[in-house]
Structures are given as structure tokens and as C-alpha cells.
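Take a look at the structures below.
Two complexes, one shared chain (subunit A), two partners (subunit B, subunit C).
Take a look at the complex of A and B:
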């Protein structure tokens, strides 16, 4: 009995350790105090208003959102096509390509970031939003490929063969049969991609063009001066987006799935 | 509607030869079965006709036209799979209408045709349900409806009954054959189940190791197997080594170690290529067990029942005659023989056949 109590206490402490920093940010976002720390003086939304008025932050948020959405779009499109090739076709060098596609996960991000930077310097290509998007897509691609591949393996090829025997050409077969059956994985993959891009900082610092800030690099920059309470509010917004969006999406997916059967 | 012809068709996967030199015709409107154990090449043949695999060599003709280069979606074939392959994200109605969308059929005609197809497979009114809401047998009927609604030139059936349970399978095979007969579509059916093949086919092609072993009507393949493989694959057979002692125009006399000499009609003897030895094949159902003292006019020898496999109406006996064990499948009349009983083992000479010894 005593042992169980100790285990329970231990588990509780682990959770406290994991979630306390998040809870602190969430809590302090509503603190009316001038300084971004304890003690809490009173409840206030003023830091959110201040946040909305801060043009630099709003610009960074816009950049992050569009970067995240475009990364999701790009890596999901490429990832779905790559998975189709890898699962449905036999060709030479397949294992090598799989390894190459997955390798960005294994390579330390700093190494990847410096590598791409040096490569582009060598090509005399200046840093730009497009390059940042390209880089984020490379980082997100393995996650999309892993999720989509796993689902595609489970979709029997007889569905596609049946569709084709009934007169659908390969493109029609993809859009009328394969893609709808693949949708949950496509959805999950693009959410992954969005989240990965949205809170990436290491590679972004290397790749962003001068003067462009994403939310994480903006926060990082602000923290170098002082801990402004606005950062707590911004942290709150980021947590809501990165946790809330997938949860909401999952809920919606379940809702539609239930409606169908 | 069209017949199908394979001319010198070969298929290899790397170093493995899946199908060797097939020359066969599937007559227009007929129901032909490719029968054989798994890995014999029967499914590969079906997939080549469908366009899902390209032959390594040879020509495939549908309705007299070479289709080797025609992609699957332009071949106008109906394909039914073992696992149904109904699109799970679409309703039954949408599943059946799928092929019609690519065929310039007007909306009102589509609804009529879907309804007619559902009537044919005797499942009217399930248009708005999803495949997961139907049983396995119902799903396979829908798969059949989806394949025949496009009025295919050829209907290809890849073990369509194998996933169903035993009772349903027998019911479905009667129905499937009836539907095929009614719409008259050329059908190619792949199965490893000999009773399905015998019950449904106009013609059976027995396959083994990528080669055709025998082609013929069900009775022909069953009663006059061309070789030992066919004899053993379609039901159980007893095979004895025999020596030819004399022959004339109408009969051949062979010497067996267990049953003495037997006079076999010439029609039941395959070409022995002048050899003096051969193999005598007697089906288990043709071997009769009698009381030890009885005699019924056939060839007979005394034996002992070693084991009984009781199957209700019939029993399978394992009997020892001399130094060999034989199998006999007999209707049970009264009480079955028990293990250890002495019996008389008998058969009629016209029920056996003589095959050459295969090297």
C-alpha cells in the first residue's frame, strides 16, 4: 500500500514538472502586473490588447501562420505522392529514397540548417521566404510520409483495381478512391506539418531573410531584452493554436465519421 | 459480349515462371473455371486478362482483338474480388453507379440501372446503405452487381466465394451460376475449390505449376483425369502400379499386385507410348466395401478396415489390401464398417483408368 502511494506521488510530481511551465505561462498571461512574473496582482486582459497593438508581433504571427499553412500544403502534396510511389510501385533505389526522405528527422536540425545555408550560399541564392518555406517543408516531410505511408499500406490495392476495372483512369482512381480513403492520414499529416513549422525556431533562425520574424524568433528576440508580460500572452495564444487546432480537428473528424455510418 | 483467347501467353516474375505457354479459348457466353492449388498461376492468368499484369510473351485477345496494350480502364471488364473491394466511403448505390459515371449514362438511366442490378442480385432497396452495414454474402452480391451493371464483355471472378462461410457459399454458387446464365456474359472463374469448379463450370482448366494439366467439361475432367495430378486434385483417388499383359482393339489386360488381372476398356486407357507399365486410377467413390463373404461381380480382393472417417451420410474408409492402403468413400447403408473388420474391396473395371507413368 505504501509503495502504491509513493508511485502515485511520484507520478503526480512528474506531471507537475512537465506541465507547470505551461501552466505558469497560461496563468501569468492574465496577470495585471507590469512585470512578466509573480506575484499575481490581479486579473487583466491588458497584455492581450497590448499584443494586438504590437505591430511587430502581429506581423510575425501572420508570417508564421502563412508559413505554417504553406508548409502543410507543400509537404502534404509531396508526401502523398512520394508515399504512393513508395507503397504502390516497385522500382530501383526504393529503399535509398525512403531513407533519404526520412533522414531529416535523424539529422540534427542545426546541421541541416547550416548545410542548406552553405549549399544556397554556394549557389548564390539569397535567403527568402520561399527558401524558408522550402526548408520547413523538408523538416515536415518525413512526418507526413510516415503517417501517409502507414495508412496507405492498410488500403488494399483491390479498391484501386476495382475502380480501374470499372473505367476510371489512374488520375480519376486517385481522386475518387485512394484520396478519400487516405483523407484521415492526409489530415493528420498536414496538421503535423503545420505544427512543426509553426513552432520551429532552430532552423528558422538560420534560414529567415533579414528583417523577417516568425512568432518563435520574435519571442526569442524580445526575451533577450526583458521578459515582457506580452510574451506570456503570446505564449497563451501559441499554446491555444498548437494544442487547440489538432484537438478541434480530431473532434471534427470523429463527428463526421459518426454522421456517416 | 465476347470470347477470350490466350495465344502462347507466358508470364515470369524475375526468374520465377508463373505461367508457361498458355493456349486456350474461353468461348463466348461460357463459364470457364481455372482450377488449381495456390501458386499454380490461375490468378496470374485472370490478372493478365484483366490488364492488371502484362504478359511476358504472347497475345491476349478479347472478341478477336488483341488487348495487350489496352489499359485496364478501357477493357470493359467486370472484376469481382475475394474480399469484395466495395468502396467503404460510398453508399451501395454509389458503388454500383461507379462504373456508369465513366460511360455517358444519363442520371435517370443510372438510377434505373442500379435498381435493375440490385434486383438481379436479389437485394432491392439497399441503395443508401454503406458496405459495412451489409453481411459478407450481401457485400459479394453488391460487388457482382457493380461488375455486371456496366455490361462487361467479360466477367472475371477471382475466388469470389472463398471468403464466405460454407452454407452461404453453396447457396451463392447456385445463384451466381444462374445470374451468369441469365445475362449470358463470358465468365472466367478462378478457384481452388474442386466442388465449386464441378458445380458451376461449362469447362474446367486444371492448372499446376504454371501449366495446364487438363481442359474439359466437368464430367470429363472428373471421370477421365489426364494425369495423376488431376486424379488426385479432383477428389481422392487410389493409384496402383500395373503391368500390361495383353491388349486388343477393345480392351487392355493389366496385372495388379492386389486385385490380380483386370480387363480395362480401351476408352479408359491413355496413350502409354508403348510402355509395358502404367498406373491404374480408381476414385475413392468407385471403390466398394462389401461383407467379407459377399461378391457383386466386380473385381475384388479381401482387405481389412484400418480407419473410418464418419461424415454422416457417407464414410471414408482406409482399407488395407495386401501391402497397400486404399481409400473408399461409400454411402452408409445401415451401419458403417468398424475399424478392424474384414471386408471385400470391389470395383468395376469400366470405372478405373490407366495412365502412363510420369517421369
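Take a look at the complex of A and C:
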């Protein structure tokens, strides 16, 4: 049993390693000191006010939010359709198609970014918001497909067949049977896609047009000098958006599921 | 439903069309195109000419600068992968084997870092190790040091930054394969006279190797393709192959060289993925999602 105690301690320390730095950022966001680091001089919300007044950051936040939402919409739509085909039909070359669909994960993101950039430049398509949207969607697609597919396998085909035998056409069946059952997966896939886009910096640096910043590239630009307290506050806001929202959604879903039964 | 003589069912292909089309146009063609573009000739900043010549490739093979970067990238990726395996295996084992009632909480905490911004997680180490960081504050408070120790912007901080961001991938993959092992196997080995350590080494460890391999592959490939972490946490000498690509494309606007370097990185990391899928099958990677 001594071995097990050591394992427990080891696990605890690894979790500390993973979370202590994040906790420090959250803590420092409320530090009243005019420097971004320690020591903590007092509690203050002034960096959040500063953040709201900083036009460049607010513009970046708006760009990131709309980019994330559109990416979620695009990649989830095409991802759900593709997952349906992969799970509900038998056809030749399925393995190859699956590999192709998850190929954006297998290609290093830097290479993916440069390849698409150079190809579109050759076609005389300039860097734009649309390029960011297409690129982010393609990066998010494999994750959406994997999440939705895993869920779809668990939905019995019989429900759909019952609807069909009662006279519903395939489109009706999809919207009134399959999609409602699939909603949690669609939701999870969209959240995943949103987070991937909202967080992306590696490819975004290559694809963004001159003058356009997303939140991560904005932070990256501000880092050149030092970590300002505003960055900590912005980090706090980002964590609330990408962690708080899914946690709340998950918690609410569990709450309602428990109420029903 | 459909008999053998019926025409092939086209419906799945309609469903697949949007996704396949996007992948082909936005990934497959551009990936092949960078090979073509690597033969183009760079004339000036952002100016190049269609050609079939080998100067970019010659530069890559001759110039020491590129060889050093390849070596550094491989070395750092190996270090990060090994450390991630060592740091990640034990927690994965704990989560898989524990009878702790709130195991779901440990799992949730494992997924959580994926939702926290990469750049925030990376820069957070400046708050820990920097001159005004937590550790220096602690040392000074304890009276161990008078002036802040300089611990930032070196290879170690880059490694720590990578580990911090990629460790959850490792733990999750190992956990998935440990969780799939029949709970009766280890006790069975014990009844047959094995010590706990033997039972682990002979039964559990071999069965968890596919997950460990998947975790190692992910961490290796993700580290090898990075360039942002060294820019934030590294010093001037801590560059990876990805940084050369970033410099060629973003700073020097030498697109043909950028294409050449990108294709090289694609082949290097692609080879590792191919070797891996030969032995393990690419499906192992997808298991972490179920």
C-alpha cells in the first residue's frame, strides 16, 4: 500500500503542475499592482475596466468571437453530415475516407497554414477573414467528426427505421428523430470547434490579414514587452468564456437530465 | 436493403461531399502544391518566379543552419515525449485504478486544460519562473536570495511549456487504454503468485502500450511542429524547425523557401505517423474521444 500512496502523491503533484500556473493567472488578474507579476499588493478590478476601454483588445475579442461562432457553425454542419455517412452507411473505401477526414490533425499545423496560404496566394486570393474561417473550420473538422461519430454509434438505427416505416421521408426523419437525439453531440462538437478557433494562434499568425488581430495574436503582440496586468485580466475573461460556458452547459444538462428521471 | 445487383448507393457520397471537398481543396491540394512551389525561384521580398530548379533544396542540404534546426527539433521532441510519458503514466494509472468516489472530477480536470487558452497557459510560466514570478518571490521571502534568479528564456522553460500544454494528451491516451483492461487480470496474476510489481510489469504495462504509444506520437508530432512556444518562453537560441518556417514566410517573405521547409517538416513528421500507423493503426488515436 505504500506504493499506492506514492502513486497518489505523484498524481497530486502532476495536477498541481497542470493547474498552479493557470490559477496564478486568474489570481493576478485581480492584483492592483501596476506590474503584471508578483507581489500582490491588493484586490482591484481596475484591469478589467482598462480592458473594456482598450479598443484594440475589444476589436480582437469581437473578431475572435465571430470567427469562433462561424467556425463552429461551418465545421459542425459539414462534420455532422460526414459522420452520418460514416456511421449509417456501408460503402467502399470507408477507411480511406476516415483517414482523409482526420488528416488535418495528422499534418503539423504550421505546414497546414503555410500550404494553404501559399496555394491561395498562387490563386491570387488575399489573406482575409474568410481564409481564417475556412482554415479554422478545417482544423476543427476532425474533432467534430470524432465527437459526433462516437455519439452517433450509440443511437439505435431502429428509431430512424420506425419513423421511416410510419411514413416519414428521410429529411423528416433526420430533423425529427436523428437530429434531436444527436443534439448533445452537435452541441459538444460546436463547443469544441469554437474553442479550437478561439484558441488558435499557430495558423492564425500566417492567415490573418495585416491589421486584423484575434485575441491570441493580440496577446502575443502585447507580450513582446512584458506580461502586462491587462493580459492577466484578458486571460481571466478567456478562461471564463472557454471553460465557464461548457462547464455551465454540462452542469445544466446534467441537472435537467436528473430532473426528468 | 440493397441487393448485390442494385446500383451503388449514392446517398453517403452526398453526405460526405461538403467535408471531402473542403479537405481536398484546403488540405490535400495545398499539401501537394508546396512540393511544386519548392522548385520556384525566389527573386526578391515576396517576389518569385515559376521555375523548376533546385536552389531551395540545395540550400537546405548545404546550409548548417537548417541541419542544426532539424537536430534541435528532433532532440527537443524526444526529450518532451519521454518526460511526458514519465510524468503522465502514473496519474493515468491512478485515475484508471482508483476507487475514489469522485473519479469523474479527476477526469474532468484532465479535460479542462484543453479548454484553457494555449497562449495563456504558455505565458503563465512567466508568472512562475520570471523575475517577478512566484518562485523568485518565494525565495526572496524565505531570505534565500537577494536578487531575482534568472530562470526564464532558456531551453528548460521551453520544455516545461511544452510539457504543460501536451501532458493532458498523454494522460488521456494512457488512461483510455488502462481503463479498457479487464479488472480481473491483475488479481489473477497475483493469485498465481506474482508480486504486485510483477503483475503490473507482466500484465498491465504491456496491455497499456497502445495508449502510451498513441500519447507519445501525439506529443512528439505536436512538439516537432511548434514554433510559438519557443518564441514566448525561449531565448534567441531556442528555435525549432517551425521557427525557420515562420521566419521564411512571415519575416523574409521568401515563399519558395517557406514551401521547401514546410514540405521537409511534413515529410519528417509524416514518416513518424506512417511508421506508427503501420504498427498500431490510426484508430487508436480516435479512442480517446469515446
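Assume the second predicted complex is superposed on the first by the 245 of 261 C-alpha atoms of A that agree within 3 Å, B and C clash if a C-alpha of one lies under 4 Å from a C-alpha of the other, contacts with A are read in each partner's own complex, and residues count from 1 in each chain.
Going forward, a residue touches a chain if its C-beta (ideal position, glycine included) is under 8 Å from a C-beta of that chain, and two chains touch if they have at least 3 such contacts.
Nothing here was measured: the structure is a model prediction, and the numbers come from that model.
In the superposed model, A:181 lies in contact with subunit B only, and not with subunit C.
Looking at the superposed arrangement, the partner reaching more residues of subunit A, out of subunit B and subunit C, is C. Of the two partner chains placed by the overlay, only subunit C lies in contact with A:219; subunit B stays clear of it.
Residue contacts after overlaying the shared chain place A:251 against neither subunit B nor subunit C. Of the two partner chains placed by superposition, A:209 touches none, neither subunit B nor subunit C.
Of the two partner chains placed around the shared chain by superposition, subunit B is the only one that A:163 touches, whereas subunit C remains out of contact.
Using the contact criterion defined above for the overlaid structures, shared-chain residue A:118 touches subunit C, although it does not reach subunit B. In the superposition on chain A, no residue of subunit A contacts both subunit B and subunit C. Subunit A contributes residues 156, 158-159, 161-170, 172-173, 176-177, 180-181, 260-261 to its touches with subunit B in the complex.
Put simply, subunit A touches subunit C in their complex at residues 3, 7-8, 10-11, 14-15, 17-22, 24-25, 28, 35-39, 77-79, 81-82, 84-86, 88-89, 91, 97, 99-112, 114-122, 134-135, 137-138, 141, 143, 145-147, 150, 195, 198-199, 201-202, 205-206, 215-216, 219-220, 223, 227, 231, 235, 238-239, 242-243, 246.
Within the complex, the subunit B residues that touch subunit A are 50-52, 71-79, 81, 83, 85, 87-89, 98-99, 101-103, 130, 132-133, 143, 146-147, 150, 156. Against subunit A, the residues of subunit C that register as touching in their complex are 8-9, 11-13, 15-16, 18-20, 22-23, 26-31, 33-34, 37, 87-88, 90-91, 93-95, 106, 109, 112-121, 123-128, 130-134, 136-137, 164, 167-168, 171, 196-197, 221, 224-228, 231-232, 242, 245-246, 249-250, 255, 258-259, 262-263, 265-266, 269-270, 273, 282, 285-286, 289-290.
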